[in-house]
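Got some structures for you, see below.
Two complexes, one shared chain (subunit A), two partners (subunit B, subunit C).
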Partner chain A sequence: MPTRPIGWNVSEVAFGVMYVLVAVQALLLAYGGTRRYVMWRRGRPLSGPLDRVGERARHALAVTFLHRRLLRPGYLYSGLMHLFIFWGFVVLFIGTLIVLLEADIVRPYFGLSFYQGTFYVVYKLVINLFGLLFLVGLLMAVYRRYGQQLPRFRRSLSDDAIVLGLLLFLGLTGFLLQALRLAATHDSAAPIHWVSYPVALALGGVDPAVLTGAHAVTWWSHMLANTALLVYIPVSKLAHIFTGPANVFLRATDPKAALNTIANIEEQEHFGVAKLEDFSWKQLVNFDACMRCGRCLDFCPTFNTGKPLKPRQLIVEIGAYMNRQAGLLAGPAGPRIDEAGVRGSELTAADEPSLVQVPVIANLIGDVVSEDELWDCTTCRACMEQCPVQIEHVPLIVEMRRNLVLEQSKFPQELVTLFNNLERNANPYSFPASTRAEWAAAAGVQELAQVADPSSLEVIYWVGCMSSFDARGQRVATALAKIFAAAEVRFAILGREEGCSGDPARRAGNEYLFQLLAQANIERLNHYSSEKRIVASCPHCFNTLKNEYPQLGGNYEVIHHSQFIQELISSGRLKVAPGVLEGNGFAYHDPCYLGRYNEVYDAPRDVMQSVAGGFAEMPRCRDRGFCCGAGGARAFMEEKRGTRISHNRLNEAIDTRADGVAVACPFCVTMFEDGVRALNVEERFAVKDIAEIVAAALGSES
Partner chain B sequence: MRAANSPGRAPELVGATIAAVLLEAVLAALLTLVGIGLTSAGVFAHVPQAVAPGALLTLVGGGWLGNALARRDVRLFPGTREGSKD
Partner chain C sequence: MDIVVTVKQVPDPDIPPTHFRVDEATRTVIPPAGVSPVMNGYDAHALEAALRLRDQLGGKVTVVSLGPDSARDALKRAIAMGADAAVHVNDPALNAADSTTTARALAAAIKKLGHVDLVLSGRQASDTDGGQVHLGIATHLGLPAVSPVQKIDDPSAETVVAERIVEDGYQRLRVRLPALLGVSSEMNEPRYPPLKGIMAAGRAQIPVWTAADLELEAGQPGKVQLRRLYVETREASVEIIEAESPGEAGAKLADKLREARLV
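Presenting the complex of A and B:
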């Protein structure tokens, strides 16, 4: 009956030492884990208990064991690589526990043995399979870092070398131990060890004494490497084995588009985050969860245009700062000041400059994270969408912005103008609020206050500031009004009663101003009817009204104009001729606050299909779309660092050979209009909102 | 134990002394030593029934010791402190 002697060629002394090493491993693992836990507990308590625990657990298990967020389109290689390493590690670990169960419990206590016969054969076949997958995954990782030499891994290569080296050594010595025993004992069941069997055959001619000696040396080195690995886990990126699933479990379950609100803001004395303790303990876990994969960089507008903010670096550096406070080293640390003596905040290279070497006494904002990094973020959510362990970068950045704005009064000069205009005029510009509906009068659009019976209205059209005041935006609003008229939609606008939704104020960190603006709007909307459907043509307004106003008591059914137009077409209320693609047609650009934030991807595409007969899809699309550069109040700030985000995106649209780019956001229109002028392609490349394309199709039909 | 003026937070950690950590650490270390003793007896005196409880005690004792040291701010490395550079 096939089996093997457990502990073959392992001396009593070796076994004794092994159990002492268990104590060392347990001590250091517990020490590192507890130090991290103590650091997290320094964070603010949550306002209430964790919600939806069952759902959280199910999601975390699916993400961990099925690799739901690692195995995604575009990430097949790295997803499979991690899957092989993960399941190889798990199965080999379970295999070791099975041997311990047989040797230390079943045999001594019950005088029985299960480690033989069919079980043993299956066990060995499975262990060899997963051991091989483990090695394949590790070799894929080695190739990815040292063969492909991706810039994203440039600064973590030494840490990766230790991690991959230890794991590879463990995998290889595991198989070598097996092969040496098979060769030395002439085991008749050798073929079932199908991975190490060929090696055992190759060692067949070697003196058994040499094989036995080599086995002993290999056993010791395997055991010591195992200890080193366990000790290294809490002080390296390997901590993500535990912190990654924990972070997924702790993720926000609120609407993903909503930033958290500051309750009773008038009574607060401290705002946002200036030091680690200002984060909630749940937010602090984010900084320990990073697995350094760099996926957050792939579609990040700031990283891809050479700006200081690189989401992974932000997380890694704050994590390193936190772990240094905990007395833990967080991997090999390079200098914050790079080789050329340029400070991190001034770096504009496309790849990451370094990990962190923070000074002995350091401030979170300034020394660890620069203000430039915080203000560069467009809040496009590309980092969060791609992160396999669901780190929530954007809310962390906004928390630090809140402190800069509300407590330190330190923010870019352009925001002074923005905040002043929002306070005085309830719009980001210097136009008086009384002129907000001037475009509507010209277009024959009614204001709600002028409607005798508001209950007869079907929808309220939320115009937004850009479409109310900006001449280019007004063309979009007029086009939408034309569509409403063609479909006989009974609608009106708030007009002079509408104020900025508050999105730019909130994303810029001015929560106080956001709440003022939001409460004024909610009061007016509730006055007319909170049950009315609201159609918004600006994704930023759409997102704020839909997902953030409920925090302040404004609960409405809000849809985006692309969804409403699709609804009108599919219900037959809006008659458009079957679309015929003219010329090369349009490329479609996903606005971040419509797509990634609210997962509205298909409605605008369906509209384009119906009206224009098709569209060109850009390589970076849907949840992997690339920002236009306007979000996070960036539309109101100068883009001083790196290259222009809008140009990067426009070039991608131009490369599709389309005749123009179709968008569904007035801010994207403005960014791209500026871009086509700067790139000198305005004669041959158009920028249109889908409402304009639909309205033009109506015009041609009539 | 929580600091009275900081609900929901871990106690403020200050530089620990050997005396402050001594009792719990000694107990944890003793447990670990008992575990090691049991496993050693199992291995060297050929009492296989002693190995499993010995290994368990070693694991728990080692973990407890690590946990106790970490909770009392015994540092492996000098850490960074937040604060003004001025």
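Presenting the complex of A and C:
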């Protein structure tokens, strides 16, 4: 019956040492883990992340064991790479536990043995397979980091090399141990060790004494490397083995598009985050979950246009600052300005792990994270969408913005204008609120206050500031009004009773102003019955009304105009000739607050399919779409750093050879309109909202 | 350094002029509904300058405004931005005050406040664009006045250096304190109030002083009297000049223009 003597060529003393080492490893792991836990507890208390345990556990298990977030479109190589390493690691670990069970529990206490026969054969076949996958995954990782020359791996740290080196050494010595034993003992079951068997055959001619000696040396080095690995886990990026799934488990489960609200804001003394302790404990876990994979950078508008903000750097640096303040081994900390005087550039030598304590004077905002980095963010969510361990970057940035705005009153001058305008006119511009409905009068659209019987209305059209005041935006609103008329939708607008939804204020950190604006709108909407559907033509308004107004007592059914138009077409209320546009048609651009934040990817595409007979898909699309640069109140700030985000995206749209770009957001429209003029392509490249394309298709029919 | 800043509440200057109506009977301007008035822009620059001087040298910033009940909002805004105290001069008798009366009332209020090192005012208000009141205050208080000022330098207990805008550049003047400076918008960017300031302003009790409190002599007429307030009417008419040739048309056009005394 095939089996093997457990502990062949290993003395009792060596076994004793091994068990002592295992105990030491466990203690050190527990110690490292406890230090981290204590550090996280310095954050603000927050009960949310521990609710709905069952749902959280299911999600965390699926993400961890099925690689739901690692194996995604565009990430086949790195997804498989991690899958191989992960399952190799898990199965080899289970394999070790099985041997432990046989040798230390079943045999001594029950006098039984299962580590033989068919079980043994299957065990060996499987262990060899997963050991091989483990090695393949590791070699793929070595090639990915050091061979492929990816922009995001322009610099690597010694931590990256140590982790790969240790794991490779463990995998190789594991197979070598097996091969040496097979060769020295002439094991008749050798062929079932199908990976190490060829090595054993090659070693066949070597003197058995040499093989035995080599086996002992390899055994000790394998064991010591294993100890080193376990001690290294809590102080390196390998901590993600534990912190990654923990972070996924603790993720925000509120509507993902809603920023948290500051309750009783008028009674607070302190706002947002100015120092580590101001983060919630869950947010502190974020910083330890990062293993620097850099997927956050792939679709990041600021990283890809050479701006200071690089989400990975932000997380790595705050994490290192946190760890060093707690006296734990970690990367960079304190003031760091590289040769060019630019903060937050690529990983540098300063990011090397170190135990140097942070000088107490180092401020989180200013020394560790620059204000430029914080104001760069468009809140497009590309980083959060791609992060395999669901780090929540955008709320971290908004929390720090909140401190700058509400407490320190330190922010770009353009935002002073924005806030003043929002306060005075309830719109981001200097147009008086009384002129909000002027476009509607011209287009024959009614205001709710003028409607004799509001109950007869089907929907309320929420126009938004851009389409109310901006001449270009008004064309979108007018097109939508034409569509409503063609489908005989009874609707009205709030008009002069509508005010800014508050999105730019909230994302710029002015939570107080957001709440004032939102409360005013909620009061009006509740007055007109909250049961009516609201159709919004601005994804920012759409998102805020739908996902954030419930925090302040406004519960409405809100849909975006792309969804409503799709509904009108599919129900047959809106008749469009299934035409094909002349020329090459449009490329479709996903607005972040429609796509990534609310997962409305198909409705606008279906509409394009119906009226234009299709559209060109850009390489960066859907959840991997690329921001136009307007979100997070960036539309109201100057883009002084790096190259233009909108130009980067426009060039991608132009490269599809389409005749124009179709969007579903007035801010995207204006960013791209500016872009086509700057790139000097306005003659041959159009920018249209899908409502305009649909309205034009109606016109050609009549 | 104890500084007094005078502020005026004005209609939002961003409102297009066409949105205002004029009541000729009462000689008042009626702003569009639903638009809240704001602190005069130049006054915000003056307040910002005062706050920076105080933060640098210590002392106290007091804001004073003359106006109806609604002017309290401008004072609250000033407290939100960081002013230490505010005084609201509010009396129906002063509602239609011209610039001399306003200057007299504000000067009396500043005198009542006691010790003052520096008075900062906006160079003019965006509604009337008169630019008279702050110079009147200086006259009544017997203070040296410099206006319009784009920069304040080298402040000490006795003097400051004021950069006065002149046609082709600026003058640098060392001014003995106490003095009054008319602040122009080149000086700074007014801050946006932190939330704590907004909350403090919400709670602040602002004392109201009437004409009697200021011991203003009643019945002193203003120097400016508003006779009529109206919106200019514009008339346009078109006349086509008929002629055989361009040359003849030109000659006829010239005659017409001369008739109309346009050339």
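Observations on the structure shown:
Simple rule for what comes next: the second predicted complex is superposed on the first by the 668 of 702 C-alpha atoms of A that agree within 3 Å, B and C clash if a C-alpha of one lies under 4 Å from a C-alpha of the other, contacts with A are read in each partner's own complex, and residues count from 1 in each chain.
The rule is simple: a contact is a pair of C-beta atoms (placed from the backbone, for glycine too) under 8 Å apart; a residue touches a chain by one contact, two chains touch by 3 or more.
From a predicted model like this one, the values you see are computed outputs, not experimental measurements.
The superposition on subunit A brings subunit B alongside subunit C with room for both. In the superposition on chain A, no contact is made by A:143 with either subunit B or subunit C.
By the touch criterion stated above, A:434 is placed in contact with subunit C alone, subunit B being left untouched. After superposition on chain A, the vertex angle at the CA centre of subunit A, spanning the CA centres of subunit B and subunit C, is 110 degrees to the nearest 10. When both complexes are overlaid on chain A, the residue A:408 reaches subunit C alone and has no touch with subunit B. By the touch criterion defined above, A:77 lies against neither subunit B nor subunit C after alignment on the C-alpha atoms of chain A.
Within the superposed three-chain model, A:45 lies in touch with subunit B and out of touch with subunit C [touch as defined at top]. A count of residues in subunit A touched by subunit B and by subunit C gives the higher number to B. When the two complexes are overlaid on their common chain A, residue A:65 makes contact with neither subunit B nor subunit C.
When the two structures are aligned on the shared chain, A:194 is found in touch with neither subunit B nor subunit C.
Once both structures are fitted on chain A, no C-alpha atom of subunit B lies closer than 17 Å to one of subunit C. Those residues of subunit C whose C-beta lies close enough to touch subunit A in the complex are 12, 14-16, 19, 32-36, 38, 189-199, 202. Subunit B meets subunit A in the complex at residues 7-10, 13, 32, 35-36, 39-40, 43-44, 48-49, 51-52, 54-55, 58-67, 69-71, 73, 75-85. Across the interface of their complex, subunit B is touched by residues 12, 15-16, 19-20, 22-35, 38, 41-45, 100, 103-105, 107-109, 275-277, 321, 324-329, 358-364, 367 of subunit A. Residues 265-266, 268-269, 271, 405-409, 411, 413, 415-416, 419-421, 424-425, 430-435, 496, 512 of subunit A are the ones that touch subunit C when the two sit in their complex.
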